[in-house]
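Quick one: the structure is below, questions incoming.
Think of it as A, B, C and D in the order they're written, each chain with its own count starting at 1.
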């Protein structure tokens, strides 16, 4: 979801990598890239206990503060939601949709979705109760979807939801609705939409400020315990949970805004699991050598890239973008600054996705060719060795969020790399709340270094990112802040969003990736990784690239 | 005049440590006071009067900041003579405020502003005379009454700022008298007060002295006051005694030109209001103790200065008869000149 | 007395109003906003961002927003946090305890040790101790607090592993020894500057007093030195300290912010920092107002205490 | 952060006191030491880089984290393999520059506000001084952070930022001085001679109020250097690759355990500079305040 958010300043201080940077921490790719021996350590198979037992302290470098799962929030918040609430279905680590509150995944085959994709029918699991004992019914689902579209409610996003019309409860465990247009990604969107209780939130005068928001009641595996603001959140096992688990009596989400402290507490054993923002790269080697601790390098769906403003002078020239890309010493950035943890990539889609295109041209670091390309394109060296063409100097600023020393190092490397081909880069970093405000939204930047999750949940629809109708600076309502405009792209994007057949969609999105790579609409660097740690003896940890938080399955965790 | 001295000071010298060496603030001061006698110590500011008195009280900084030498013998309760300058600090504390007490120039600041009058008096009483708090309070009332403070009992709970300067000086006197000292040092006790109040305080001191028979060392630069209160006068200049005499002979016939100058600058009570024009002050300033003049310290300001003589050798203190002393090489010639 | 209070409170109200205007203007004129953090989310489009901004009333003209805020404030409604969706007072209240704990401990340490060092320095003026204390205080005033905190963490937590590197308690443990262990380092780091200030003020205040005539009077009575000190000098020397305590409020709050940052202490300073970076305007305004109130109340209390302790002062 | 001791009130206006003040200053050993240290720091910062074989921004990624005294780099290298000594020197340039410029600006604001408030008094004066009071209600860091949100990080903005949060003390001092001085003879005389207000304020009054301002200025430099480090620490500092002591420290935090010298060296530099300025201020205060003669 939000990859790039305001950092809690703390994360920025000692810790450096904030969510953004941590997502930036390159990707060791798949589970196969787990440190050697970790499989052996995991070896001894154990069984979950009969009854919930023990507690897990989850260390987080950002503070979960939003507990209404429909309101604007960031990943850490969602990590808590997974344990309090349930979606209709969720996406497992392999990318399969798994029913949760719903009895089955609606599809054209099982009749849940009509052939034209416009009519949806959802059948719900029976016998589910809210934490307060009230039965869960189709009315709650209807209420949730209606609340998202309610005019006064500060819903996080209405993408997809706004298409839903005529919700009808046909039985306590069944409801139908009609979509305004066919929209394939909606299945994925619903996999991240948690259902809220009508009998509580519906009573509130203003759902925006309801007491529920700080004493949430859900259908999830854990119940709300307490929150000490700025310090921790405590959840207790829900004995009436409808799925497997929970096997833990208690879960404590501990807010430790400093990555050094977070790691120290993991090392000393005060923290059982290091979640967002993970273990800082400089500590990874030491962490791997710790006894009784396991380190997991888990890929995230975010891709670190240099996002150029395609309307900005020199960057509008494709040759310039190609030369700049070629002049980036990616290997040095990944190996030295990111300790070799992330995986280089050419795409905006994570390699774990079914839509990933593995056949994109590989990046080559070659300043000499880059120089020749610029020479050939008429960019001549001018004053101070900076190239010029038609009076336009090859100079640009690069911005990122302040307080992210690791990314600042990459910027400085880039500066030196690009100077070698006569491009003058200046660093112009800003606090998160500034850079991602008007500066970004209205495309007032020249280039930014950023880590973005382009996926809609597990769906690769990137219409808001690359459609020419989605440029906010030109009145669009999407996230196409780099101002990419290409009619062929618009056509493919529309096609992909309305296809329900995955094989057909895969072809569409492979084409999309290859066009973006060819145009260098973004200069992709690497797929980010999150380095997490668990105590030995803690079972059930299963990183899931599709859920934005690896706390998604705490219900399955248990102590050996 | 035959009573034995209660305090004898001999060759008192005080030196302060300063940048680049030591500075002599007081040297070679000797005098004595008898029971019931009032000795006035006069001189301009900086002449060493106050340092002398603080040295006797042992209230000057400790070595190495300050060195004191000489002897100061005070008659103890049992008649034994105690050398104030050599007494161990603990014993000195038993003497200070008890056998020898002091009142200061600034009644406005000499009392602790955050403590009641009562506390400040009883503290002094109980320090040297063990008694209950209640008894000490009674004694305080008596003392306040004695020094002429109206409604003394109510005053016990007053704070210093409730009182006028004159009243505060009376409180100070009460504190000083609380243990019936043998010697009272009054360091310019009236300087900061109005003329009418001055007279009252002087009256009070005289009355108290008659009652208790204590010796009073009265430090002042005001010769008018001296004429009124003193039996004997010690004139100091640049840290030394320059003349010593009974009050009448001194006023009648000062021998040292400095004394003459001082006397000339006094507004005579009998002339007051009649004489117009400024008083003839002594020209020049008190010498810088760090760079004392050669020879007689007063020679740069002296109208009888004789080059080659006055600036050559420091004059000694000379006995003139009648217990009178003077420090001047030319005092005979001068007195002849002035007589002529 | 009550007239005095009314006047002081009136002045305070005026100051608070100025503070609110300055704060509001600075915050809202700053580029960016509370929704910027969501701008990169693929789930949230520009449309969502614009809608939420409008729902929050952020699209209204600034004076209207300010007036709205002011009116609510005057009726006791400090607004609702954008980040927590909770009333601002509750959000701040949840963090205030930790900050007060830290500030009080540090102040106590500072008064005890700083005062003691100052007294000793004044008594033994120009001694080696005095010299070292003076130089030490100057260095303490010059060390960047956060750097000192980092070095302390490096030595005591990372290297020696004696004390926790941060936080107020171990998760799942809230026992007193645990709390105290967590309190030690941050309290000392925050107290360092305070100690330096207190020792310097104590020293010079005591030196001022020691030269006063009434101290000479006390000595002339024959009081032993320690009674001169405790009975006369300290009481008077402590008077300016009351004012100092009142004036230290802004320094303490600022120091607390930095210390809380270094030690991941869940207090108001951290909250302020987080709220600033989230552009959680209601909370930031709330903290600014609250800290201004604390400063003003600190001053007022100090003046009243001073008046109570010094018989010469009458408030009126 | 330092809220260093108070600044003295009135001091004698006469310039003939200058040499006496200088003598007194020289007697203040720590102050002299501070002055010497600052001079050395200045020399190192402004001349040092020309004597070094290393460029402060040259990245040598193969030689990162080299410890001090271990190779060609005397004080080792940083997280990008840049020479620490060169960066410390260049960082010193920036930090000292920030300190001095911020001081100059805050003095200018403070003197202006204080002089106007003190000279005119009345409603204008009261309004200005209430403004000062209001700004002083904000803890410096709070104000600094709120202001930092307002502008893009950079050398100039940081200077302005710091100046904007440190002029109030001077304003108060000057206001008090001017209010006291304007009643004195020479102001009255100037007024009688028909001098303009501006002339009286800036030619007659302000110069006579300078002594405490000079002390405050020195202490403000110290404070400004500290504040720069705080702002950098809190992530609103000067843009890379330009080094300042503050942002060097900020970047070094994540390497505290693995490369502690990266954090320790700039921290020491800051402490040294700030202590020196504070000592100089202390010495100046003693030197310029005749009331303290006896101390």
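As a convention for this text, a contact is a pair of C-beta atoms (placed from the backbone, for glycine too) under 8 Å apart; a residue touches a chain by one contact, two chains touch by 3 or more.
Small disclaimer: the values here were computed from a predicted structure and weren't measured.
Relative to subunit C, the chain whose mean Cα position lies farthest away is B.
The central chain of the assembly on a C-alpha centroid basis is C.
In this assembly, the C-alpha centroid of subunit A lies 44 Å from the C-alpha centroid of subunit D. Centre to centre, using the average C-alpha position, subunit A and subunit C are separated by 38 Å.
Between the Cα centres of subunit C and subunit D there is a gap of 22 Å. A separation of 90 Å divides the Cα centre of subunit A from that of subunit B.
Across the assembly, subunit A contributes residues 9, 13-14, 260, 430-431, 433-434 that each touch 2 or more other chains. Residue positions of subunit D touching 2 or more other chains: 149, 233-234, 253, 256-257. Among the residues of subunit C, those in touch with two or more other chains are 30-32, 150, 153, 158, 261, 273, 276, 279. Every pair of chains meeting the contact definition is listed here: A-C, A-D, B-C, C-D. Taken in their complex, subunit A has these residues touching subunit C: 1-10, 13-14, 55, 57, 63, 65-66, 68, 71-72, 74, 152-159, 189, 192, 208-209, 213-214, 228-232, 250, 252, 254-258, 260-261, 264-265, 268, 270-271, 430-441, 450, 452-457, 462, 464-465, 470, 472, 476-479, 481. Remark: subunit D residues 57-59, 61, 64, 79-80, 148-149, 152-153, 233-237, 239-241, 250-251, 253-258 touch subunit A in the complex. Those residues of subunit B that touch subunit C in the shared complex are 57, 59, 90, 93-98, 101-102, 104, 106, 109-115, 123-124, 127-128, 159, 161, 172, 175-176.
Against subunit D, the residues of subunit A that register as touching in their complex are 9, 12-16, 259-260, 280, 282-283, 332, 336-337, 402-403, 405-406, 408-409, 411-413, 415-416, 426-431, 433-434.
By the touch criterion given at the top, residues 1-5, 30, 130-131, 133-142, 145-147, 149-150, 222, 226, 229-230, 233-234, 249, 253, 256-257, 260, 263-264, 267, 270-271, 274-275, 278-279, 282, 294-295 of subunit D touch subunit C in their complex.
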